[in-house]
Each structure stands twice: as C-alpha cells, then as structure tokens.
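What follows is a structure written as structure tokens; I'll ask about it next.
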Amino acid sequence: MTAVVAGELLATQDLGAYYGTRQAIAEVTIAFRRKAVTALIGPSGCGKTTLLRCFNRIHEISFDARVEGSVLLDGHDIYANDVDPMAIRRRIGMVFQRPNPFPTLSIFDNTVSCAPKGLNRQGKMEAAERALRSAALWDEVKDKLRSSPLRLSGGQQQRLCIARAVAAQPEVLLMDEPTASLDPIATAVIEELMSSLCKEFTIVAVTHNMQQAARVSSVTAFMLADETGVGRLIEADATSKLFTKPSDRRTEDYISGRFG
Amino acid sequence: MAQSAFKHRNLARRRIVGGVGVGLALVCAMIGAASLLVILCYVIVQGAGALNRDFLTQLPHPVGVPGGGVGNGILGTFIILGIAIVMAVPIGLLTAIYLSLFGRGPIPEALRFLSDVLSGVPSIAIGLFAYAVLVAPLKHFSAFSASFAFMMLMLPLLVRTSEQAIRSVPQTVREGALALGMSNFRATVRIVIPTAMPAIITALLLAIARVIGETAPLLFTAFGSQFWESNPNRPMAVLALQVFTYAISPYPSWQAQAWGGALLLIGAVFVLSLGARLMLRRAMRGLEA
Amino acid sequence: MTVGPQFRRVARFVSPADRGFAAVVYGGSILFALLIVGLFVELVLGSWPSIVAFGPSFIWKSSWDPITSKFGALPMIFGTVMTSLIAIVLAAFIGIMAAVFLADFAPRWLGQPLSFLIELLAAVPSVVYGLWGLFVLAPFMRTTIGPALQHVLGWMPLFSGPIYGVGLLTGGIILALMIVPTVTAISRDVLVAIPRDLREASMALGSTKWETAIRVVLPAARVGVFGACVLALGRALGETIAVTMVIGNRPEISASLFAPSYTLASVIANEFTEATTSIYTSALIELGLILFLVSMAVNALARFMIWSVRGSERV
C-alpha cells in the first residue's frame, strides 16, 4: 500500500465503509495524483464502487450506511463534523454507470443544472457550450439544446452527464464504470474524453475492464475482497508498472486472468 | 380391469361437477359485470331525458314549476372540489415526500398506519369531524367545511399513491442530482417531483373521482342551497347532494332530475378515470429513460 | 489510525437551503398526523356527554326517542350488522366464485373485460347506487323477488311479513353490489399469486382443473381471500347514502328480512341536522364514534391478513 503523499488533492486514510453491520471496505489508504486518471480495478464485489462513493459522500445516502477513517480533500477531512456534504459534492463530481440525465429538463437545462449559481443568461449559455465542447457533444446537440435528453443515444446521454458534471466546475471527477453500458464506439469516444479531461480535473475511474484501465490511466489501484468479504486495497502503482511487474501475487493473478 | 372402469366412471362424474362449477363461477362473474351494465343503462336512459341546457345552467325551480336545473350544484361541486384540492395536495405531497425520504423507521410507519386508518373511516364520521371543527364553532354551514371533509377523504389516496410515484423515480436520477451538489430541496423539487408528476396527477384524478359522488358528509357541512352561491363561507348546493334530495322527494319532476344529476356524476367519474388512465400511460412512458 | 470504529451517522438535512425544506416537509407530515388524531379526539369529545349520560347501556338499549332524550343504539346496530352480513354473504360467494373464474378459467378475451366491468362497479358513486336501488331494485323486490322468496321460503320467519320493497334485504343487496369489486379484485390477485407449482402438482396427481381450483388453490389463498372479505365488510359497515335510501328508516328490530330497518350511518344522516338538543347531537356523534372504532378494528384485521399473504404491498 502506498503511503499518503502530502500535497495530493484527494487522499484517504484508513477508510472503511459499512452497510449496517456488514463491512464493505476496510483500511484503504491511497492518494490520487492531481490532474491524472487513476483507475480502480478488481473483481465484482471487491468494493471499488463503494470506495468511489465514499469520496463524494454519496455512500451515506444508502440506508444504514456508515463510514470510518477519513477522506482528505486538500488536506481537510471531508467527514469532519461541520462539513456540508453538498459543498463537497460540488467540488467532487460523479458520473454514473448508466447515463442518468434528468428526464424533465432539456439538454441545455441538464447541462447547467448544477453550474455555479449567479450566472445570468449569457453566462449560462457560455458555461453550457464550454461544458458540452469538453464532453465532445457540442456539435451534435447545438441545434437541439431545448429538446429532451431522452432522445439521445446511450453514448450521447453519457457524454451529456459528463458535460453536466464538468459544468459544475469540480476539482475531482469520479467515474463509476462510465462505459459499462455503452457500445465499443461510444466507449472509445469516452475514453478519449477521459484523456483530455484529465488535463483539467483529477479523475478517479472505476472499471471492470483491465484493458481500459491500461489505456486511459496513469495510476492503477487494485482491490480485492478478503476471506470475510471485506474489500481491501492490495496495490496501487503507475499503470505501466502494475500491469507488467505487479508487486503482489494476487494482483498478478487477477491481471493474468486467473480469476475475476 | 375393474379398477380402471370404476375410475373412469368416477372421472366422468367429476368432470361434470367441474363443468357445473366453472359454469357457476362464470355466472357469478357475469352477475358482477351485468349489474354494472344494468345500473349504467338505467342511469343513461332515465337521465338522458333530463339533460338539456336548462338543466345544466338553471337554478332549481320550486315544486310544481316545470323546468329548472342543477346549475348551482355543478358550480358548487367545482368550488368545493377546488378548495379541497388546494388543501389536500400540499399536505398529501409533503407527507409523501417525507415518507419517500425516510422510508423505514417507527415514525414513517406510524404515518402510514394513520393513513390506513383514515382510508377506512366512514365518510359520515369524517363529516361529523368537519362539523365539529368548522360548522359548530362558527355556527353556520359552509362550503369550506365540505371542502375540509373532502380533503380528509382524498388525503389517504393522495399520500399512498404519491409516495409510490416518488419511489418509482429511478434511484439514479435522485443520486445523480445529489452527487453533483444539489441540496435535497432542489433535488426533490426540481428533479424528482417533476419526474413523478404524471403519476402524481393520476393519483389526484383518482382521488377526485372518489369524492365527487360523496354525499354523506355534505349533509351537515355544505347543507345545500336553492340559490347561486360562490362564497365558500356560506352553505352551497352540491350536485351529489341535490341528487340525494331529489331522489328521496315525492315529486316525479324532481326524481327525473335526480336521474339527470346521476348521469352527470357518472359521466364525471368516467372522464376522470379515463384521464387518470391516460396520465398513467404517460407516466410509464416517461420512466423508460 | 482509528481507535475503534467511528460511526458517523450523517443527517440528511444539513445545509441552510435544506433546513427550510426540512421544516416544510416535517410541518406537512405533522399536520397530516394531527388531522387524523384530531378526528378521533373530536369524535370522543363530541360524544362525551352521551357517553357520560348513557354509559355502556347505549349499546344494548333499544329505544331511540329524541323527545324524552332516551337513546339506545341497539336497533341501529342490528340494522348495520344485518345489512352488512347479508352483503358479505352475497358478495363473498359471488365475488370469490368470480375471482376463481377470472384467476384460473377465464381466457384473456373474456377475463379482461369482465374484470374491468366488475372494477367499474367500485367507481359508481354511492348516491347513484341509492337512486337505482330506490327506483329500480326496491319496486322489483316488492313485485317480483320478495313474493318469490316468500313463496318458497315463507315458512321461515326470515322471509315472512309484509314486503315493502325497501328494507333489510334490499339494503343488503345494494351493499353487496358495492363491495363485490373489492372481494373480487383482491381475491383474484391473491389467487393469481399462488405459485403455478401447486396447481401443476395437484393436476399431476389426477385432479381436475376445477378440483384443483377449489380444493387446492383456494384453501392455499384462504387467508388473503378472507382478508378481502373482511376489508369488504369494513366498507359495508360504513356505507351511508346508498343504504339510507333503501333501508326504510325505521328504528325497529324485526325478524323479517323484508322489514324496514335503520343503520348507524343512516340515523346520523337523517337526523343530524334536525337534532334539537345537545344530548341528541351528542348521541348521534357517539354513533359516529362507534362506526369509527368498528371500521378501524375491521380494517386493521383485514389489512393484517392481506399483508401477511401479499407481503408488504399495501392494498
């Protein structure tokens, strides 16, 4: 396990998460490199999505969910007593596995729905265009900004969700298997997006697809559930090193396909 | 073999019994369906004769004077329903929001229990409640007290179906809103409720269909009137109440108007149910994101 | 480094925008609860003078005399119980049979329209039922059904006596029509929910389809079906207007089903606006309280039964 590197934007210290009495992850200590893509890989049930959801305090929305340890954003624990979860979530955005545009808002309204407050009409227009361009969606929707997002294809909807997250101007972007429900072409588009977006945002992406992790990330973290079903961080390292010369035997087994 | 011959005879008899049984069951089902058609036919046939422009727009005439109508009752129904909706929807929706956010636990379960209790209370007892709270202290009948009774009747249906409507909004929509920093308030009001709106409107239409024919509570809240009235603080004519009063009167001309009023009521229920069904279809389509 | 697990249960409403929202949501829910509790409290308060004056004898005294201010509810309780009993006996038989047909025997093209029509019965307003009962069923009872029944069964006190058209039996029949949809719809759902395997096992052992439906499936669903009947009974007990129009409004107990009678709800409906003394009003409110408590008990029983069969889905 890598030691916490001071000065990183997002880091955790001995993070554990519970659903009621069932522990999902334990003792996760990891730091995420600024303005880079870190991939979280591991077999199903290893807790990678739970871990991701702890970073923006979405885990606690689930019934009977609990967290222990700390998550540090810029050195400050986001689970401290007086912290407003909403403020955290504005700095740490999230894109989900299945695209979830707001069904009753237009494409334009979706994009600016979480943009910083106080923008006038002109400001909103600019913010929307910027966000949609960075999500490589602008050209496809610029003529139908007022129409319903449900008419878009799956890949387009997911890019809309990315644009929506980007428009909120976060510092960190969490992506939970963002291409899991998309076809290969749409997947490729989004992987390209991740490479360009990481110039502006720190990205943490959960993926079950190792090749994807190898393609898009500069750091990869491998998680595995132990005998009691509790997810633990096994190893985190530069992607090229993890995939060619992993330090842990279990990582090697997973990567070479011996299980998972 | 003697054994199989014996069984064969028995089987034929059992088959006959079965046939009779199914026939009986079919007859029962037909009795149910036929009763509805019979009632519907009578109302249409008897009521159609009374329907004309005067019937819909005029005040009731005194006995012996031909003509007249239920215009004031129709107006009164709209006014009382309108006020009842304005009162019931906020309370019902807020309670449904609470229940959908705090799903399990002793307090939500207590609220659901109370809602179930209320849905089983006879409407006349609810009328007594409205009387005790709004008629006795103020010493006069009023349309507003009738609206209060209607509100109580509509609430359990509104709360239960609105909660289901809100819950049927996919979790990812709400999580998506929260995950980007929206407050619970904005997420619920701007995203979740609008998405659930077709289903909520369906619930409202069904609740209205339920109360539009209610007469019992009106007897001592709105009380009825012979005149045009639009002030909710005064007694007011209501269509369902007029049907009742005319029906039990000894005058054939009034009885004929009772049938006309009954036809209007059934028509209204039909239109509302149809509207609810169409809304429901839109709600289903909207969720196929 | 953690010293034991730190369990941080985080409040849902933390930020200022949410605090106002929370207050409004809590407020609405509290108001909802208060209204229902207030209903019970007002009924008790209103009936208090009568409760104090007559005590438990209110329930078994049978004189209802506003002039001397002596009130006994027995005839009304009798009327309510009898009409509801007639209604549930008729509706249970017709409704359960119909449900069996719809669940196991009806082809799609027949089952759907029939179900739809039966459910529409529930949408007909109460006063329309009363109107139809008064002008169609009551005369029919007087001219046709009544004499026929008396011809065959007149030796029983139940079917003796003069036939006015309005009365207990007519009231019971109208009520039965009103509650048949409840029995049918819920029973059908409960029957359909019984797993296929049970039916297949029974038929594989040589039973006919009918035998399977009646001797295997229906008993398996008996708790839910019984619950449906109890729920329907609850609705019958509280029904006011339709019954008032066909019951005859006479506060007397008689053995004949053809006799006019009176129900708890009808007497409130007919006499409340004419109650001259406050003890009269209070007695009527006490009748309302009795109705409330009985309905609540019956409904709670019914929902418990249905809930235990259908899971947590609410009726």
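Lettered A, B and C in written order, each chain numbered from 1.
Note that in this section a contact is a pair of C-beta atoms (placed from the backbone, for glycine too) under 8 Å apart; a residue touches a chain by one contact, two chains touch by 3 or more.
All of these numbers come straight from a predicted model, not from anything done at the bench.
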| item | value |
| --- | --- |
| Contact-graph distance - origin chain B, target chain C | 1 |
| Closest chain to the centre of mass proxy, which here is the mean CA position | B |
| Most distant chain from chain C, judged by the mean position of its C-alpha atoms | A |
| Centroid distance [mean C-alpha coordinates] between chain C and chain B, Å | 16 |
| Euclidean distance of C-alpha centroids - chain A vs chain C, Å | 55 |
| Distance between chain centroids, defined by C-alpha means - chain A, chain B (Å) | 48 |
| Residues of chain C touching at least two other chains | 15, 18 |
| Residues of chain A whose C-beta touches two or more other chains | 86-87 |
| Contacts with two or more other chains, residues of chain B listed in rising order | 183 |
| Complex contact set, residues of chain B against chain A | 103-104, 170, 172-173, 175-183, 190-191, 194-195, 197, 286-287, 289 |
| Residue ranges of chain C touching chain B (in the complex, touch as defined) | 12-13, 15, 17-18, 20-22, 24-29, 31-33, 35-39, 42-43, 45-46, 93-95, 97-98, 100-102, 105-106, 113-114, 117-118, 120-121, 123-132, 134-136, 177, 180-181, 184, 208-211, 213-214, 234-235, 237-241, 245, 265, 268-269, 272-273, 284-285, 288-289, 291-292, 295-296, 298-300, 303, 314 |
| Residue numbers on chain A that touch chain B, as the complex places them | 56, 58, 61, 63, 86-91, 93-94, 96, 98, 100-105, 113-114, 150, 161, 164-165, 168 |
| Parts of chain B lying in touch with chain C, wherever the complex brings them together | 11, 14-15, 17-19, 21-22, 24-33, 35-37, 39, 42-43, 46, 90-95, 97-99, 101, 110-112, 114-126, 128-129, 131-133, 152, 155, 159-160, 183-186, 188-189, 209, 212-216, 219-220, 223, 240, 243-244, 247-248, 255, 258-259, 262, 265-266, 269-270, 273 |
